[in-house]
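We just call them A, B and C in the order they show up, numbering each chain from 1.
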């Protein structure tokens, strides 16, 4: 389907595809097997200016928006979701800076991120606070010269590999959600350490770790906006970043669809390629339609984000929910079409199915997001504006 | 001057379009039209049934022929030992010299060389020997300068050298200084006796297309030839010849490069070039560990281990084992290709082997086109089975 | 450290096959590509600039469509380019090509190193580099696999030979040819692609470079192709039949008969 991308967007898309095919494809199975963080590919992405896509020009970026990021993430994810999320999570880590940071903070951190020299990450989730984000317990106590952090963050993407962390912590425990603030914490700050690397079902090359803060002193100038803004920053962040997860989902779904079509054309049973069987054809047709619908929704939501619209919660949530559900269905169907081979690790389908699952869970579980969508519907009392 | 289409004769059949190796002919208004960039190779002219393609070149004056006489072979050496390619070229050179009724000379640079008489035994009428400590290792600046000086003094009509890394490095420099033509990597040399010209045939496009080249006016006509393309003949121990000691003076030549050291690749237990039997592995092996299958079979047969390019590119085995266009040319008595598809670039390096055995699961693999014997099957089954059978 | 890199646009031969019936070259719309070995040369030039500063100029002698190749060179880091394009040059052999490129290098004038790929996919000669060196009167090293260091106008390199490698030191300026073991060519960058899109490639004619037309083109070339043919390949292989065991047994028998084992 034609999405009327600009020349620049097509260039970006093509380059991301080249990187995916030439650098990611040959090593994705090995990275998954060894659960190795893809540093070499990160370097390739950096050298190709891919980290500049989501940074404004005045900070050495190329000034791209949400749709540009989605185009890149989708292409990378088509080859390997783990690499795609390692890349996308960097954007997640710096959107708070972009939207709420001071000029000094932006100058200090963004150029290095644009050059791909330093990776970023976002830390909200804790053992007691997943969907119930307001139940976080990590504190940031105001002291002379800064804030002292104590607590643990859980399941943080790029944890341990990134150097710049945007952490949501409670500056005022008495105020509940209104008492949270966003702070920038750099790796190697005394009192900041990492837990072990998690062993995951999928996106295994992506690094997921606990962040441990023990009397970690963070300088005063590292707070983003002001105290109490933490949750607003986080909610606004997710509204902007969810299309990116949607892109990750359609990427893996696209990869799975292509693998299924290729296999169905070659696999001969009962004297014919299985693609000549109507049952298989209908499955493939449904898969292709779903992927296209998801893509159209993700791109539309991304364009809305780029337009600067004030409230994109509903569309952003829809894009993520729909695309991730499609990804899970399409990758599962792909395994089914590959049959026995689909179950074997020598074939790419099973990895894609394992990789797809997380998109239904993180950055807001699909259950929570359905609540978000319903809330918007309730607010409107069912009538379109 | 150049190429033109006789529009009256051209029928627009399009045959020339199919034959152009460079995709430079279009059909415009039902007539052939040649695009810019044509290098006048003549493939289209030869293919045209209507003689509609005309290539005109200004006639080049042919050299009088009297001022240049003799065929020279540059005899390469390493560490005092003359390389096999020198003898191979002397064999062929002897043939060419006899056809032209002229003398065959070997040119040798080195220090304390052992077997100079062998060069005469293999066909040389004369050996121009420059013996000096400065020439012991392959200092290309000195070799270039000295060969130019000798060619200018003695004026041979043909100079041949091995297309080794040394040959392909310094011979072009000699040709450039002498302002003469050089054809690299020849696989065929013949004489056009009428015109007293050397016909030099070589592969292009990785071996897909063969070209025959002449150097009409300039002298000497120079060619480099791949090792093991021609066969080293038997020495004739009764042959007589002259060894002429050349007056080499290092100071005559400015050298701006210095060879600091040479590190040998010792992973080759049996040297590929000298092996009677070679067992090679290709992309079909799948992963580096599987080269152990190839090594196992090679050990049982006392063979050397070779490789096509993909495993070398992947880092599964060092470059010194690579057989092919950008690797080594080999000509063993027996070449066993396992999991090698037979791309032209690989064939270029081994197709003259006496007996070729191909083991590949794809019955359509091009390797079967040059093989003497073939087994269509999974190499992971065939190779161990073959190894077993040969052990017993 | 100013570097000149010589590039050639060649047909992408991976799609070339021989039709067994007519014995002709079957082309499925051959696209033109940068000679693969030249991409390693260009990458090395860009790496040297990153290490030592200076400029990388990519030059090519070719038809008008070679400008797309030079734009690709910009997208991976070349600072300047030049295309020497003139119908008088058609049919040039390696000597003539080296002469033209040497004149172009002379025009650029300030350079420390000229890098070429070890050979082209279509010509396979590897002669242009060394011939250029002699014409410019500068040193030459072939098959460089690593540039170890550059200091005070001297360069030390590692270069591959059949049975290992040699370490060679040379004065600069010099000409080298490189092998693919030297580096891994980078992919373009977004900024590079943008620069390439808006770049205009300078085209130089033979006259501007003071090229003597008698020394180039078909009539100026010492060598010329008089015949092109396609190697005959008739399959006469004996393919063994039967079970895997049978096949291997037959092979062993044949090899024993021929006294090969």
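Just a few scattered comments:
The rule is short, and it goes like this: a contact is a pair of C-beta atoms (placed from the backbone, for glycine too) under 8 Å apart; a residue touches a chain by one contact, two chains touch by 3 or more.
Just so it is clear, the structure is predicted and the values come from calculations on it, not from any experiment.
Because contacts link the chains only in sequence, without closing, their graph is best described as a line. The central chain here, found by comparing per-chain C-alpha centres with the mean of all protein C-alpha atoms, is C. Across the assembly, the mean Cα position most removed from that of chain B is the one of A.
Annotation: 55 Å between the Cα-based centres of chain A and chain B.
Centroid to centroid, with C-alpha atoms defining each point, chain B and chain C lie 18 Å apart.
Here the spacing of chain A and chain C, counted between their Cα centres, is 42 Å. Those residues of chain B lying in contact with chain C across their complex are 1-2, 18-19, 21-23, 35-43, 46, 57-58, 60, 140-141, 144, 164-166, 168-170, 172-173, 175-177, 179-185, 199-200, 202-218, 256-265, 268, 271, 273, 277, 301, 313, 319-320, 325-326, 328, 333-334, 355, 357-358, 363, 368-377, 381-382, 385-386, 389-390. Contact residues of chain A toward chain C in the complex are 7-8, 11-12, 15, 18-19, 22-23, 44, 47-50, 52-53, 62.
Contact residues of chain C toward chain A in the complex are 186-194, 197. Interface residues of chain C, counted against chain B in their complex, comprise 11, 13, 16, 18, 24-25, 27, 30, 62-65, 87, 90-95, 98, 118-119, 121-127, 129-135, 138-143, 156, 160-171, 174, 180-181, 218-219, 221-231, 233-240, 244-245, 247-249, 251-252, 254-255, 258, 260-261.
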